[in-house]
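Here the structure is laid out as structure tokens; the discussion comes afterwards.
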């Protein structure tokens, strides 16, 4: 998907769009995580506001609906003092038959500064980044099965926050790997930052063997998958996979791959449990685990705001 | 519903949530009304903006839709310089099966400062206040048949504005009392502030005799109900009650309990007429009364913004 | 429709509402275009924000949905530092049977400063302007088939920008003239500013002969219509006209009146091509023309923001 030159970076190697973690050098990832750390403290102040994006127009373009993710970007942009415009895409000109690129060209002509794009088709944010005006920056908020880079970055932030050093970790990602843009972004990030063992864990229908080409260990056995893990990332089981050809049933999945206290006991004693949310209690994760001492699910949400503020402020500061 | 200690007040007796007028001491109510008076003048300035909630994130969580009420809170929060996020609850994670408390925990983790909650279930704002992080404040914008405290407060403000002294008043509330959270909030507020006679007026199906336990006089006869009243609060007749078991018909109700100039003549000559809106012209109120000299329906709307600014600024300034 | 005194102007002849270009004197139009010029440079700054509407509450009241137009007003108002409230009219009290004027009275009582109104009925913004409080200003964002004055103004701005002098121009407006509020606003503006020849071009069903009373030349032949034109304004062919009694088919219309490079060659060599958007590529305009050297369609969008900022700031500064 990436052309020879990474379209996310300018000629100086600086980030101008965030489209995917794949292909980003370690220094860029580390710079984002470091910057997020400074915004974490902004979010704990009385006045949670900095003027970095004052007078900038940020457009939320959610072609696929996600209230939660849109909200996190909206909060992040407002805390940077940007003007935020939520486009109701389902009712917009796109619905009147206008092409995606014509919509983008029109919004660019309004002097947009940033597009936050969620789209059901993999690659849509790339297409937008390649065609929009040079002063416009694009953030991928999830495209098809391809990537969800800000979720990946907040996962990296959480892991660094609790585990400090990537170079000795075992990270297990459990669930529907093959359909998950979160898993894909996590794997690219963890690999780039030097995690020696990344495991993907789930049934053969959701975790096919050819994932090995991404540099991960494929486990179809839950006990093997989480044994000795430092970090367990549970993925949400999408409703549409809960029945049919992919899975016998949600109950069956829960029994085999749902994270219970018993299974968690196989991981390292100081293991942390992560989840991108929203969680299906009793399906991929037991309530006692989600609310337990190992869970960092709510801190992930907190880190997510800081990471999005970091990404937006970094790309807005770099010239194309 | 209230536990022994009032969850709306902190250990110093200061307001930290606004959940219900019930249980609030007279001094707290008076403090809100006094503060609203200062915001009324802000709203008449050229620049209708004060920085009291600058850098705070206010979330409108309307599980039950109400564009008008949401708008009043949105304006109030923006005039206090808050960042306002409207959540489209119908499309959000709650719709994906996430529990109310998980949604609240997630928004709290984003460093929300305030939730403005409307919910079809009585008590939902209490549940949220009991479970959210200590830095988060909750305002009840209407829960089931239970309470609508900001509407009650703006009614109190209007009455004080026009009548000055609560201690000699007769207030008649007319219409569907039993299903009305507005009536319930009004009754608690009027009683606390020392109104000697509060009457509830309507047919037996909508004004049952056991309302007497709230300290009000129950009238099934309209003439008796408004005779000599200083204040008449007409309630909106909800469409869903206009036919069926509760009422023979809207026309029948209008004939018996609708406020016409003839019936209004039974009240005191300086009586004021109030209504929470939106009005059904020709059903519970005649156009000539709604638009007449006694009507303070539009000033109520004006006071409503000032009262909501007062509530938000007071609770945001108090530590849990 | 206009009463004797133009309701858009105060006793000093200053603009207090923008309801229609019809009836506005040349100096008022020129003042708006001049002011827009200064805002064009604001929109090119790093910080695209001026404090002219700080503390003002601007309500977008779109009774007819249009995401694009609403967005342009929202951006314009935010760049003027206003608080913007988008009302979801379809779900609001109007949907509960409240009358338009009661809704307006209520919003005025909230100390609204400006209503941006789109409505399916011609004249609705006039009705609102006649009934709202004196401190409230109304901008017509499109009413029925009547007027779309900000679109007309941005078209005038574009023509002045590229052609400088109105007094020697031939302007051809092509398409469904009879149903187009854009065409009507354009014609009034071009006539007032002294364009000697305005042609309306299209089939008899969409361009009836009685349009001549507006001071335009009616052409049913495309070659005649655009021969020697300096400016060609192509209108969007609405889906609902593409079949049925009005037109044999979209393909038929495209063949006869769609703007192709061959037809464009009949105009002056330096002719510009305009379109209010969103465009139907291959119907009223060929892609090679829309994206070609003569097209100023995207600059129109840019000018549109500046024109809306100009209109809002001018009317907000004038007393009723």
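The letters A, B and C name the chains in turn, as written, and every chain counts its residues from 1.
Note that contacts are C-beta pairs under 8 Å (C-beta built on N, C-alpha and C of every residue); 3 or more make two chains touch, one makes a residue touch a chain.
On a predicted model such as this, the values are computed, not experimentally measured, just so you know.
A.B. asks: Could you tell me which shape the graph of touching chains takes: line, ring, star, complete or other?
C.D. replies: Topology of the interface graph: complete, with all chain pairs in contact.
A.B. asks: Copies subunit A and subunit C touch; is their interface built from the same residue numbers (over half shared) or different ones?
C.D. replies: Subunit A and subunit C contact each other through largely non-matching residue numbers.
A.B. asks: Distance from the CA centroid of subunit A to that of subunit C, rounded to the nearest Å?
C.D. replies: Centres of subunit A and subunit C (C-alpha means) sit 41 Å apart.
A.B. asks: Could you pull out the residues of subunit B that touch at least 2 other chains?
C.D. replies: As it turns out, subunit B has no residue touching two or more other chains.
A.B. asks: Under the touch definition given earlier, write down the residues of subunit A that touch subunit B in their complex.
C.D. replies: The touching residues are 43-49, 65, 67-68, 71-72, 74-75, 78-79, 239, 277-281, 298-299, 301-302, 304-305.
A.B. asks: State the interface residues of subunit B toward subunit A in the complex, per the touch definition above.
C.D. replies: Going through subunit B, the ones touching subunit A are 54-57, 83, 85, 87-89, 91-93, 96-99, 102-103, 105-111.
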